[in-house]
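In what follows, subunit A forms one complex with subunit B and a second complex with subunit C.
Here is the complex of A and B:
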């Protein structure tokens, strides 16, 4: 039992998943935090990124990591397009937060169903995977595949870059200000519309990057996104709205809980655990994220 | 009962009889279409009793459907059909009561996501139980024909429509609508919000359990992933929003619109149908949030 808990193998698996959850949660945090848009299509953006990496690698044979800039730009474009088409005017009209949340939830729900089925229509629902950097490296008695090491490294790089961006640049600080207090941000002269446009682009770009990383370690299907949307919500509920460091800690915590519980029980129970954790977290914090946000 | 109160009852019952009579006159294909119409009306009206009136949008109503289907399939061959369908309704109603109190503490959009998560949780839990029992798909022998199912389903559709209508015009329904407008204010003026919400939720999932029980007999095998398919919840919500929320006519409009769309598109490709379903939902939420009913009223008002 004890050797299971301290095995490097599990720690490594949990770290890789944790970085992914942290990246995905960060993307959702930017979109939800700045605009209160409940993006339940977040996991589907991930799925699109994963498919892009898959086809790129399958068709060209080049490293899927090369798709990162392209996927990031395309995902950002999608986010900005949705913002302009559906949310810009509604947000500018000063609608109540509850209305913004409910309306955006339904819109993203429709978009999610449309995206999933469009992908299933185009590429069938057959699970796909590719083998890239699948050589095994040994560190002590821990075996690590190259693709997981790469995913971990890129994920950590993205998180660090985002931390620096949000804490050290004026634009990043403007995003954080908007997350903390929208009206106050407007009063001190922040161009709210421009920051929102940028935040949704950045949030979608980060999700797309997460998808590329995910495709290197897991099978991809058109319907793979929703569990990751749920994971992202768990991360921002536990970590706190707009709290980027909290989200990173929560991402790792969720991954550790998931990996260890699955190992101690059975792989069949994985879905039950993910949704069980989600339901439990919401029942413990029924007021959702806002109470925490006021303190932040 | 005075004439004004009797009118909707007569129309509803006449509609149900017409649906059934039409089923006698048409071929097997259209019987199934009619069965689908009756099924979605029963589901969407039931959904509307809770979600339409209180504004707490449930994305998890497929749970009731799945539980009902599971009850009927588990007891099939041991008990008569009517008793099984009754038990299916009872089981999903009890499930509703059980989860309502903790789940309804969660407000607004978190409630919506929670219902979806809960539905997935129940789906995987049932799937694991079935795998452990070694019964991941069961065969169903001797199921009743489409005509019997259509008769029963038309009855459920009428019952759900009347339930939605009478709850909507009752004191209870006004209380639920007050919760939708402003929950805190409703509590202040003396609406027993917790009791009302829990009761409405349990009422709202009872009939879908019976619907699921009947629909399980439509195919000759039972598969957990099929009766707990989240697409069912999604379709219910879309139908209700497309139709409009104001009274019991809205869901019927929404059902007719989407079943029509599905007839046109499903033969081309089921995915294409779902893509359109998603886009139609986005379109209505963005451009016509009051639904078809609201559009009709708006036109009348402008005239």
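Here is the complex of A and C:
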């Protein structure tokens, strides 16, 4: 048993899963953090990215990874379009956070249903999948499929790039400022509307990228997104809503819990363990893993 | 020569227009176009559409001697069995359909069974596979599948025993069909003298199987039996390859018969065994290969060997019963219950609600073709090691 626990195989599995959770959570966190929009269509943006990669690969035979910039730009465009159409005026009106959350939940619910059914109508619900980088590589005792290595590498790249962007660039710092305190950000002269526009574009772009990565290993259907929406919410709530670094840590924590505790116990307990840890974090640190509690 | 050609053409046009002049036969069904089971729905819709297209191209449905065009009426039951029951009632009372085709899945069939029973409206089922179907009152619903869990377990054990398997690692999704199979499989394996080296269940939302597969690898079992659903069959295949799971016999319950499975794994899926009792390779079933060819020509992909075949068979049975008995419910009921039908899956006859002819069978992907490998009576190729 100990040999298994300390094997590179489990570490690799946990790392790949952790990166996926973190990337998926990150996109949602950017949108929630800056605007308090509860994007329950998040998983559907992932699904769109997955379909784009599938069709690209099927029709051109070229690497689905080449779609990453295209998908990112298209997804960002979609996010910006939705912001302009549904949220810009509402956010500018200075509505209370609870109202923003409630309204965005309903709007995104409608968007989610519309996207799913439009895709089912356009491409049917027939599951799709493709074969790319499915060779197995060995590093010592650890076996790794090419597409999972690619997902890990791209995912880590996206996470690092986002952390550098948010912490080292003026625009990134403006996003963080908006996440920390909306009104204060406005008072110090940050163009809130511009930052919001950019943040939703960025959040959707990251979701699209997550979809491309998932498409290499999962079956693709118009209804594949919902479990990832749930997963993303678990990750960002655990990490502290709007806390970018906390969300990333929570993504990895959840993946390591899932892989290692299942190994030590039983696969049957997977959901109990994952959601048990989630509830435990909420009870012990309701503000999230890395966030500081706010005092009234 | 030209005169004969024109005469022939005129006769064809007249015959076709006579058929289309007749009132269409309205055939209703619901399907999970949205919701939890929507991934499964296309495999059934494509079968119905192909069947209707072929019937219409052939001049229409033979209704006790009169050819009439077929018109399909489809509703989305949103994967909700209760909604399916309501919609079947609507099809019968409001749309006044002439015939019914079946919805997708066991819970939907069981719910709709009450409706067809109440209205005395005969319907041939298809994609329901549970011992619970035997609880349904016989008379208005029939189940052509032979993939019933209490038969699958003993047959799988018999096949593996014959192949010389001494031990098996069993993993099972916690969803009902997998657990029902597990319930009958484990005792059957033990009775066949096959040691159950591992028996673990897992939740449907599992995202990584590395811990389970590591356990399988360490178990040293001769065979792997994964009582899986499509999503976890995909997960299993991808990660079992990564971990080098090299058991010579690997069984996945549901998933490998879907076209996307071969799209995802191609030659790596060779040797995977799965549930199914139809294959175009069975030359004795003369309708099997033409159906396969027509399906591939229309949809540019393989049919689902389980659900599409079952859905198409159910329509064939209905078609042949209507040709004999017409649309009168009593006559139709008697024709289905007592008839013998030539389908893509060979001859089908019913005993009560169940298919009394087709044996429970298993398929294996071999060099890009899907063969029946068990039981020997209908096998198209011997079971091979991976």
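The rule is short, and it goes like this: the second predicted complex is superposed on the first by the 255 of 296 C-alpha atoms of A that agree within 3 Å, B and C clash if a C-alpha of one lies under 4 Å from a C-alpha of the other, contacts with A are read in each partner's own complex, and residues count from 1 in each chain.
In this text, contacts are C-beta pairs under 8 Å (C-beta built on N, C-alpha and C of every residue); 3 or more make two chains touch, one makes a residue touch a chain.
If you're wondering where the values come from, they're calculated on a predicted model, not measured in any experiment.
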Subunit B versus subunit C as contact partner of A:7, first or second or both or neither: second
Touched partner set for A:106, first subunit B, second subunit C, both or neither: first
First (subunit B), second (subunit C), both or neither touched by A:130: second
First, second, both or neither for A:117, with subunit B first and subunit C second: both
Touching partner for A:271 - first (subunit B), second (subunit C), both, neither: both
Partner chain in contact with A:84 - subunit B first, subunit C second, else both or neither: neither
Subunit B versus subunit C as contact partner of A:188, first or second or both or neither: neither
Touching partner for A:161 - first (subunit B), second (subunit C), both, neither: neither
Overlap of subunit C and subunit B interfaces on subunit A (superposed complexes): 116-117, 120, 268, 271
Subunit A - residues contacting subunit B, complex: 38, 40, 86, 98, 101-103, 105-107, 109-118, 120-121, 226, 230, 233, 268-269, 271-272, 275-276, 278-279, 282-283, 286-288
Residue numbers on subunit A that touch subunit C, as the complex places them: 4, 7, 9-10, 12-14, 16-17, 116-117, 120, 124-131, 134, 136, 143-145, 148, 217-219, 221-223, 227, 231, 255, 258-259, 262-263, 266-268, 270-271
In the complex with subunit A, residue positions of subunit C that touch it: 33-36, 38-39, 41-43, 45, 171, 174, 200-203, 205-212, 214, 218, 230-231, 234-235, 238-239, 241-244, 258-261, 263-266, 268, 301
Parts of subunit B lying in touch with subunit A, wherever the complex brings them together: 55, 57, 59, 102-103, 105-110, 112-114, 116-118, 120-121, 124-125, 128, 131, 231, 234, 237-238, 241, 269, 271-272, 274-275, 277-282, 285-286, 289
